[in-house]
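One chain, subunit A, links the two complexes that follow: it is found with subunit B in the first and with subunit C in the second.
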Partner chain A sequence: MNHQTCLIASLALAAAPALGARGEVHIVTSTPTLADIARQVGGGHVSVESVMKGPENFHNIIAKPSHMMRLRKADLFIHLGLDAEPWVPLIIRGSRQGHLYYGEPGNVDASRGIALKEVPARGELTRAEGDIHVFGNPHYHLDPLNGVIIARTIADALIAADSPHRDDYEKNFQDFAGRIDALTTRLTERMRAYQGTPIAVYHRSWPYFVDRFGLRQVAEVQPKPGIEPGPRHLSDCIETMERAGARVVITETFNNIRNAEYVAERVGGRAVVLAHEVGAVPEATSYEALVEYNVDALIEAFQAIGATAAPDGSTP
Partner chain B sequence: MIDVLYWPIVACIVLVGIHCYLGLHVLMREVIFVDLALAQIAAMGAAVGVLAGLPPDSAVAYFCSLGFTFLGAGIFALGRFRGRRVPQEAVIGIAYAVSSALALLILSKIAVEQHEIESMLVGQLIYVGPGQVAKITAIYAAVALVHVVFRRPFFAVSEAGLNIEGAVRHVRAWDFLFYATFGVVVTSSVQVAGVLLVFSYLIVPAACAMIFFASLRARLIAGWLFGLAGSALGLLASARWDLPTGTAIVAGLGIVFALVVAAHGVRVVRQRFVSSAAPSGADAGHTR
Partner chain C sequence: MHLSAIACAAIAAPIMLAAPVRGQDSPPSSTPPTQQELEDIRRRLERLEAQHEADQKRIAELETGRSGTALSTDELRRRWEQSWPATGPDASPGTGFSPQGNLFNPAITAFVDFGVSYSTNEDNKALRRFNLRESELDVRAAIAPFADGTLVIAIGEEVETEDGETTADIEFEVEEAYLTIHDLPGDLVLRGGKFRNSFGRANLLHTHDLPQATRPLALVAFFGPEGLATIGGTASWLVPNPWNQYIELNVDVVNADGGAESPILNDADNDNPAVVAHLKWFTDVGEDSSFELGGSYLYGHTSDDDDFDANIFGIDATWKWINPKAPDSESLLAQAEFFWAANDIEDSDFGTFRNNSFGFYAFAQYQWLKDWYAGVRYDQTEFPSVEDHAPGDMDWAISPYITWYPAEFLRLRLEYQHRDFEIDGVGDDEDNILFQVTFVIGAHPAHPYWVNR
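Right, the complex of A and B next:
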């Protein structure tokens, strides 16, 4: 037993498990993106694993016994919060680890401090609208600057759980924030040529990304996941895209690419699969790689269809 | 709006054509859920293909799916055992449940292709394009040709019902060939329309037609008309209220079936009335 154990126990009141045998903080995350950020902030003092693999849709994971077993060994459980992952409460309960319950220090809600978009106004909250998220759109991690806020939340949780390594966590966070800031500046510069370019999305996963890089989302192909759109919605969607000159449809790995391609073909454009998670596509090996891949893939699509507000040769 | 509904409408007409015909066979055989089972086995085959690393939508993946369907066809052909200690519906039900579970187990290991699970059931009729319509039309035409050429043995086996032994020579071979062609159709149509719509296209028009007509020709023509009427109803509702097209057509076919059953009920009551209370019966029937 080491002093870290005593600290945790006194913090959590409930019987918290000892930090790993080598004194590591064991972190379990709901998604691979959170795992990657946790790894970068935690450095050598943590071991990290994710419940989800990359290409899945985090709304639709089926809770399995192995998920709960994984949680049993966790000192910290980091998840996206809001109502993004309906399976998360199930596996927290199933793990029977008091220190991971909501409100306990081992339960880290990564949405803390994020400026949420598409928060339904009071009174217009109805499930009839299908995939409405009660607390706002949960795909916030696709804006790299939100990645920095997530990293701050994780750093705070790590410092609380393992204060002797406070300085290391602070330094790792500062380095991560610096890298992401530089990356965002560089990518924003590359996207400057496409400022205000209209695009359509297959599903509403991209408002944070779209706003960060100055694009303009004009249409959603499939507002309710899993249910085919009605003919008027689809027809309106195509018409809106034509009127706005939008010719790129953004989709994710877990959707049928043919459906996005169908719409893209109608407007003479193309469908592009972006990475919604680390590991969703082979190129998205880390959080930075994910953001960079998404910008690259989008620019490639823009160039292929010759869509640019201000064509220039300055794009590196 | 017609621009997005154009190819779905064409697809509906093609689907009604083959499914109404096969539905007559299925109802004669009284193996109603065989299509659900075969569709599910086809989906499991597709999942196995993905697990084996075959590119989705490729010809290899299609034949992988088809291979499993043939396997299912073989099991169902063997399922008609002498004496029938186990009813064939039981074999079909087991095949359905187990292949559904296996497909889900496999998909849970692959992580991607979740849309397969969803579109397996409700389909994505609205996204049908000319390429897919051309593909299914070619496949159905080939199957139809086989059925025209071998119509005698196929109908003999289907009509034999429970007394299958001795009805035709090589009865198991014909049974297998029937299920194999059936599997080819269902494998393709489920990809376009989903299990619910394919099931409805098979059963509803054929059932409506069998209520009113006895000859094959009349049943086929009536079935096509009922199928088209249900499709039209669903398409109109889909256009009017912006509903998912495939699912709306299932509801449209349901309405057609309800109307047919009601009309049949009225006819039966009226006939009974006429035969029991001869003179006044016609008036009573009139006032309904």
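Right, the complex of A and C next:
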């Protein structure tokens, strides 16, 4: 028994990256949302920085040497996994830090345990479908309950890297999960009036959010993910929205707002810029603030155009 | 230990064998239980009930996660899917595995780069036709936990005019074939094989990765139409520094024959290796910009005579700004690269002498929408080789261009070039228009930062 404990302890020690002289775990994340969750789970025992800034698009970051330098100081590198961030393998390799390579304990894949949506069938894996994602839609962090699964993954990685503070990480995680539970319950209640409301999105970033809060996505401004719309698709999109009674277009900070506004104007509705990341809009100061801002902004848009629940009372 | 185990077994065996036999022998009791026995049974039932209740409570706690103990990711997910069912029709569990783009088969990418061009110069047959330019097959995969392999095969069209006769041939070439070893002490990365050598910025780029439709004139004059990519080894080292800046030193030791088309180092008889070194410094400037400064040096021999040195120096600088409010759709890029060669030359027309030649290019490129870029490049160069040129010959060109990406893997580019050149001291000029189509098939890896859209 004692031998076993010793062996496990020494294995754990060997696997865990040596913590810096600061005695805290230094975490680098790919996105600011992951950074905020890591900060909440890590509490006072971690220092955290994000490679990406809030308004940026995680599909299109350029892997710069300065990013690689940041990773050189990291005990843990947390990223969205899947094929969301094509630049991530480059900065991991560029950092020349073996403990951050895929499969190593310092490399934390936040997609672990997430129920992925829009996983393409093998026959759909073609560029004719635009910039599709091989493993499923990677914008999973926009469902707050997935935020809790991400937090659990981060807590596990922190416990493995810094077991003396296990209890603190566990408590921080439980607190975070409790806050998100309460927030989600409250926001779901607020969105109940708009169950089944049809909406359009600019890019296919919102299925997790849309499903969580009972909305119904009926159109996309981009004809295929990553492909900018031409006039013909814009008019198709308008027609689809009119037929479905959708009058709100959800977009992100980095998309062409003029296209979104044009479509919204033509259906007598509104384009609303939601926060795709912590820091994407000034109000999204934390993960909870991001979720709350998105629901607030959407409800405000619904109220402004006088939308109510779907006329036939259908839910998605 | 050994003995006691045998003793235990010896004692246990007869008891185990005896037990069922004894049970069968004893007849079922028919006498009613005493008050005392009933009381015992009642107590035992109560105890079991209490235990069962506690167990049920514990199970409920675990199921709802209110116990304060850790829940596994799977448990969490089950719980939430029950309380707030995911409404998407196609929800399926994540694998938690981040792909590298292949399942043991390598990542295979094909690049096709073709176009059509027109030149006012009737002798420039290569630019007065449809061009296949260059297609590339790029195959790469991990070889071992510490090693990666890369193979790039180029299939290009060579249009040549000799003695008034023009020929167009398809040529195959191993453009790159190298092994990278990346887990070495001191954060060293080693590479061996054939690869694009570490001289400056533009030399690293494959034809289809160039920000313009043509290679910079200076690069062609100094290293040949495809740039410098010879066979050998290279080491890359991150230079530790107190400012925590990215400073990288590359040192290549390669064959001193740059191939038949290299103006210098073109002698395969030469058994002296050439050394190419590049030192670069990259830094962020404020929140929105980055700057890179590099210095390059090549030392080799222009012939198989050790006394004929090739020395080429280079300086490169790149500045990039990305609008923080529209990071996908507005950026500005400026890059310049200077070349200076001091080569010993022996020539039947010009004798033996040291040929000092200078060249540079500079371009600026602006992106104003997600998929639209426009820029202009200025080129000026002398010639380190006197094969087709007299010392002092100079070319210059100005090339505005516009680039559109209808999709991530399809690019169209239109470039106009006004070029003024001297051949053996005789000056001329030409106006060229190039239309370029580039597309990518397959598993395209992300571009390193030094490839600009």
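By our rule, the second predicted complex is superposed on the first by the 283 of 316 C-alpha atoms of A that agree within 3 Å, B and C clash if a C-alpha of one lies under 4 Å from a C-alpha of the other, contacts with A are read in each partner's own complex, and residues count from 1 in each chain.
Following the convention adopted for this analysis, contacts are C-beta pairs under 8 Å (C-beta built on N, C-alpha and C of every residue); 3 or more make two chains touch, one makes a residue touch a chain.
The structure presented is a predicted model; accordingly, all values stated were derived computationally and were not measured.
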Fit or clash between subunit C and subunit B when superposed on subunit A: clash
Partner chain in contact with A:L298 - subunit B first, subunit C second, else both or neither: neither
Contacts of A:N57 with subunit B and subunit C, given as first, second, both or neither: both
Contact breadth on subunit A, by residue count: subunit C or subunit B: C
Touched partner set for A:V281, first subunit B, second subunit C, both or neither: neither
Which superposed partner A:V46 touches (first subunit B, second subunit C, both, neither): neither
Subunit B versus subunit C as contact partner of A:R232, first or second or both or neither: first
Which of subunit B and subunit C A:M68 touches, first, second, both or neither: second
Which superposed partner A:N259 touches (first subunit B, second subunit C, both, neither): first
Intersection of subunit A interface sets (partners subunit B, subunit C): 53, 55-57, 60, 62, 64, 226-228, 253-256
Subunit A - residues contacting subunit B, complex: 53-57, 60, 62, 64, 226-235, 238, 253-256, 258-259, 262, 265
Residues of subunit A defined as touching subunit C within the complex: 53, 55-57, 60, 62-66, 68-69, 79, 81-83, 86-90, 93, 96, 98, 102, 109, 111-119, 127, 130-131, 134-136, 140, 145, 148-149, 152-153, 155-156, 170, 173-174, 177, 184, 188, 207-208, 211-212, 214, 226-228, 253-256, 315-316
Complex contacts: residues of subunit B adjacent to subunit A: 1, 3-5, 8, 57, 108, 111-115, 118-119, 122-127, 129, 238-239, 241-247
Of subunit C, residues touching subunit A in the complex: 65, 68, 70-74, 76-77, 80-81, 84, 86-88, 90-100, 182-183, 187, 189, 238, 244-246, 248, 282-284, 287, 290, 292, 324-329, 369-371, 406-409, 445-449
